[in-house]
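To keep things simple, chains are lettered A, B, C and D as they appear, and every chain counts its residues starting from 1.
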Amino acid sequence: MRLAIPLTITFVAGMIMILQFFVPATQSLGESLQEWYMIVASFAIFLGAMNLITVHVHKIRFRAKNWKYSPVTIAGFAAMVLTGLFMGIETGRPFDFMFTTMMVPMGATMFSLLAFFVASAAFRAFRASNWRATLLLASAFIVMLGRVPIGSMIWNRIPLVSEWIMQVPNLAGQRAVMIGAAMGMVATSLRMIFGIERSYLGGTD
Amino acid sequence: MAKFIEKLGTVDRRVIFLLMALAVILPLAFRMNLPIPIEEGPSKDLYDAIEALPPGSRVLLSFDYDPSTMPELQPMAVALAQHLMTKDIKIVSMALWPMGVSLGNEALTMVGDSLGREEYVDWVNLGYKTGGGVLIVRMGSNIQTVFPNDYDGNPIADMPVMEGVNKLGDFDMIISLSAGDPGIPAWVMMAGDRFNIPIGGGCTAVSAPQFYPYLGTGQMVGLLGGLKGAADYETMVRLEEDDAAPGTATPGMAAQSVAHLVIMLFIIIGNIAYLSTKQKKGGLR
Amino acid sequence: MNWEVIGIWLGALLSLSLYSFLYKDNPFYKFAEHLFVGMSAGYWVIYTIMNVLVPNWWQNMVPPSGGFQPIWIIPGVLGLFMLFRLIPKLSSYSRLSLALIVGTGAGLSMTAMLQTNALAQVHGTIISLGTGGGWFDWVSNIIMVTGVVCGLVYFFFSKPHEGVMGGAANVGITLLMVAFGASFGYTVMARISLLIGQTQFLLFDWLPTMGINL
Amino acid sequence: MMKTLVVLSLLLTAGGALAQGGEGLIECFTAQDAPNDAGGGIDLVWTLSLDAVPPDSIVLERKDGDGGWHSIAALAPLSGRKTDNELENGVEYSYRLVPYYGGIAQEPSAEVSAVPGKQWIHSGRVGMLVILTLICIIIMYFIEQGKRGKELFIRRIAGLTAVEDAVGRATEMGRPVLYIPGIMDMDDIQTIASMVILGRVAARTAEYGSPLVVPTCRSVVMSVAQEVVKASYIQAGRPDAFIKENISYLTDDQFGYAAGVDGIMVRERPAAIFMLGTFYAESLILAETGRSVGAIQIAGTAMPSQIPFFVAACDYTLIGEELFAASAYLSKEPKLLGSLRGQDVAKLFFMVVITLGVIAATVGEAWEPAARVAEFLRTITNVE
């Protein structure tokens, strides 16, 4: 019965969180639990960091494919951790400098790749292969037109049509997805709390 | 020809990437002014309302936003400042949002310097005070009790720009660049409705529809909505003034339009190619 | 060369390296990617220590004002259990910490999801079909309500989609497709804005450092 | 809000009136225990007289144990409400308001008092509590039914039928299977659902013998994924084929993770890619890159904003709830099928509420009793 204690913890923690939502008197209990949970989850980051370093050291040692780039990862990691620990994280310190001049632009660049991928995905996927796909294509097309001045040059009602698509069919679709997904989430949570679903704990005992 | 069209349908996606990159880079690099049709509408209404003010009028410009909405609202601040200053209208600015002070200052200093307008004489920034609607009501009876000094701590009493301005009613127009609450609604309800001062404004594209009712009832004289509104305004100001400092909204909007066109063009090409292939194969039904 | 210029160059070179991936995988991308992964992992370690572990745990347990709060040993111990994964013999202790994380998450999302994703949406859909007044509003409201109901029918799993059910599910998935198309089209502008932002950085911040002023 | 406005506009028309003391100025000053809290709060509410000039500020004072008055807050003149917190439950507290004009205190208002206490049920959430209990009972009932061996049907879900093919294809081509569990932590239900599906996918890869690569964005997810995959390999009788290093952590950073996974895709060239869990903007970055290396892609998420991108770029997409149905579909375990049946009944319940509500609201425009039904349905689905 090695799973009994973890399953009990899951049950109690889950019940406290549900309880504090409905019973104001237990709110502080729920708040403390959330704080504990945050602390426990935060400790895990060391686990990940260790794993990342081990994997790359491993790669270097066994000269795995592309091992020459592994020192870059390790150096980047070490640079952030060491400057952060020993030189402070305030504005103007090396940690902050590296964050704003290197990490921020890299993140923004990866994010902006989406402009290209949106184009290639639209080109390939929006084909009028059947009437349903045609509807998808048409609604995407009209909404895109409605967002730029060109749209109203073609027909001054286009922005209105696009607004209507967003407010009526789009909203209806979103709502159906959300309500359905919520049922899936409630059921999954319920199975976790009552220990019906336990494969995440691993082990076969 | 048919073969060429079919080939287009399976074109390497890097071609698309290249065209997308060009669609964004070229309009920005060459500061492309895609003709933005200036139709009757809230943007034009605001422009016309300011156009109708005589030189020497006084306008209160309130910067009610923060850096997160800067891409949309900052170009408006610049274009408005430019329009007002070229028309020799005195600007008294303030902020209902703490971060709005420095953003407003940036715009006013930049435009003021390029047009040779002087702080304290042609414009002033009063800074930020908490309070929202209540603050506005109190400014209605006396501005100096609310803002004894400007954002830098200089007493506003002897500033030439404040001459004859004691309460909100002394302004000829109030313009709020608003990213949320407090913002346009507070100005409309607490200042516009109460003291009969024309209210103009600018807001993000997302929040624009909620202000349309004010335009319908005349509670607002005009409204700039999102990047499009900013680009409209830049275009209109530019028509008046050739040597004006370049704006960022118009090329941004041009890049948006061109990029959208490229994507839509590709969707059309993809479909033509798809349909012609299907026909040749005898159709899949 | 001052620090600001160095910063701009670092940002620009790394951005260009990442963009080169659009052509194909290459050493520049590999370098930037490995650097990004390493730096960001390091960043989050420091962020977690400085913004969670120190203020929310350590300073609660050992307040700077003095004293010691023994209750905070428990989350600390559970946190350490998490790290026991690294020691095969003790790794099963980590299940206790995991159980706490999963249980809290499950309880929290059960109420949150039911509230915002289900009830709020149901609440918003209970409208009078006549809201708005004109015939156009009637049509819109009917499409909205039918859309939500038929969309839900599509998500029925325990009944075959045949007959009336099948018809409704078909209407549902059709409407979902319209919604997905619209949602895609609506997002395009925001994505291009990001690219415009990065391009402006390269054109108007970086190029001028080489004396190229567009 | 409306009230304040009315008060305000009237106030302003009366401009020039003299400063007034609290008695005449402040009306309807009440104190009561703050509702729906854990105790320790008192709500104070007041309105200003319609025919007075608003004061520059109002100071709220509380009576101390020794009978003296102490200022606890200086308030904007039109605020009209304030909650005093961190009080002791069960003790009576008295308050009064003192208006200030130009820095000079005026006559204070009348005195009001209240006793703070905690509530055992949130009055704005009772409807939700009833509905939640109902849903839970329904789901538990059908899970029981499933356990008892009742025959339960499940409709075909295209994306899940393809799992087998995808893994098989990877084996034929001698390429790995890539599994991406989203970018959220283990407290996210979609991640949990993803871990359950990962177990099933791992059972297939163990059987077919193709390598399974799982890069994660969260440390806890990495360690759970290792456990889950290991368990599946042991169950399939292939513990030797389990390679722990293939399940690794990259970074907590959203786009750092996207960059890293893109790199893995172009270098490992997986033949099948699974993207199941919570995704944000990185969804399309991953899906398009996966597409470019020619992998079969099966994606699934309940994030409404990202589903369109998966639909556009992947071969199969599990939409919303289909993600949560996956574990039942793949395992055909009776209790999971039962749970799915329960979810269907819960959805039916909501469909009935919506339909009834809409009919009642529409009819209610002409016929009062129907309007009351609609109002009732709106109330129980409203959560504060």
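General remarks:
Quick note on the criterion: a contact is a pair of C-beta atoms (placed from the backbone, for glycine too) under 8 Å apart; a residue touches a chain by one contact, two chains touch by 3 or more.
Just so we're clear, the structure is a prediction, and the values are computed from it rather than from any experiment.
In terms of C-beta pairs in contact, C-D outnumbers the other of C-D and B-D.
Distances between chain centres, each the mean of the C-alpha atoms, put B farthest from chain A. Of all chains displayed, C has the C-alpha centre closest to the centre of the whole protein C-alpha set.
Distance between chain centres (mean CA atoms), chain A to chain D: 14 Å. If each chain is reduced to the centroid of its CA atoms, chain B and chain D end up 34 Å from each other. Computed from the mean C-alpha positions, the centre of chain A lies at a distance of 33 Å from the centre of chain B. Touching of two or more other chains is recorded for residues 18, 21-22, 37, 41, 44-49, 52, 66, 103, 106, 110-111, 113-116, 118, 120, 122, 124, 126, 136-137, 140-141, 144, 147-148, 174, 177-181, 183, 185-186, 188-190, 192, 200-203 of chain A. Across the assembly, chain D contributes residues 128, 132, 135, 185-187, 189, 192, 220, 223-224, 249-253, 255-256, 259, 267, 304, 307, 309, 311-312, 319-321, 325, 340, 343, 347, 350 that each touch 2 or more other chains.
In chain C, the residues that reach two or more other chains under the touch definition are 18, 21-22, 30, 32-34, 36-41, 43-44, 82, 85, 98, 101-102, 104-106, 108-111, 113-114, 118, 122, 125, 145, 148, 152, 155, 176-177, 180-181, 183-184, 187-189, 192, 195, 197.
Looking at the complex, you find that chain B touches chain D at residues 13, 131, 133-134, 137, 140-141, 189-190, 193-194.
Considering their complex, residues 14, 17, 20, 24-25, 28-31, 71, 227, 248, 252, 255-256, 259-260, 263 of chain B touch chain C.
By the touch rule above, chain D contacts chain A in their complex via residues 36-39, 118-122, 125, 128-129, 132, 135-136, 139-140, 143, 185-187, 189-190, 192-193, 195-196, 199, 216, 218-220, 222-224, 226-228, 230-231, 234-235, 245, 248-256, 258-259, 267, 281-282, 284-285, 287-288, 291, 302, 304, 307, 309, 311-313, 319-321, 323-325, 327, 335-336, 339-340, 342-343, 346-347, 350. Chain C meets chain A in the complex at residues 3, 6-8, 10-12, 14-15, 18-19, 21-22, 30-46, 48-50, 52-53, 56-57, 74-76, 78-80, 82-83, 85-86, 92, 95-111, 113-114, 117-118, 121-122, 124-125, 140, 143-148, 150-152, 154-155, 172-189, 191-192, 194-195, 197-198, 201. Those residues of chain A whose C-beta lies close enough to touch chain D in the complex are 18, 21-28, 37, 41, 44-49, 51-52, 55, 58, 65-66, 103, 106-107, 110-111, 113-114, 117-118, 120-122, 124-126, 136, 174, 177-181, 183-192, 194, 196-197, 199-204.
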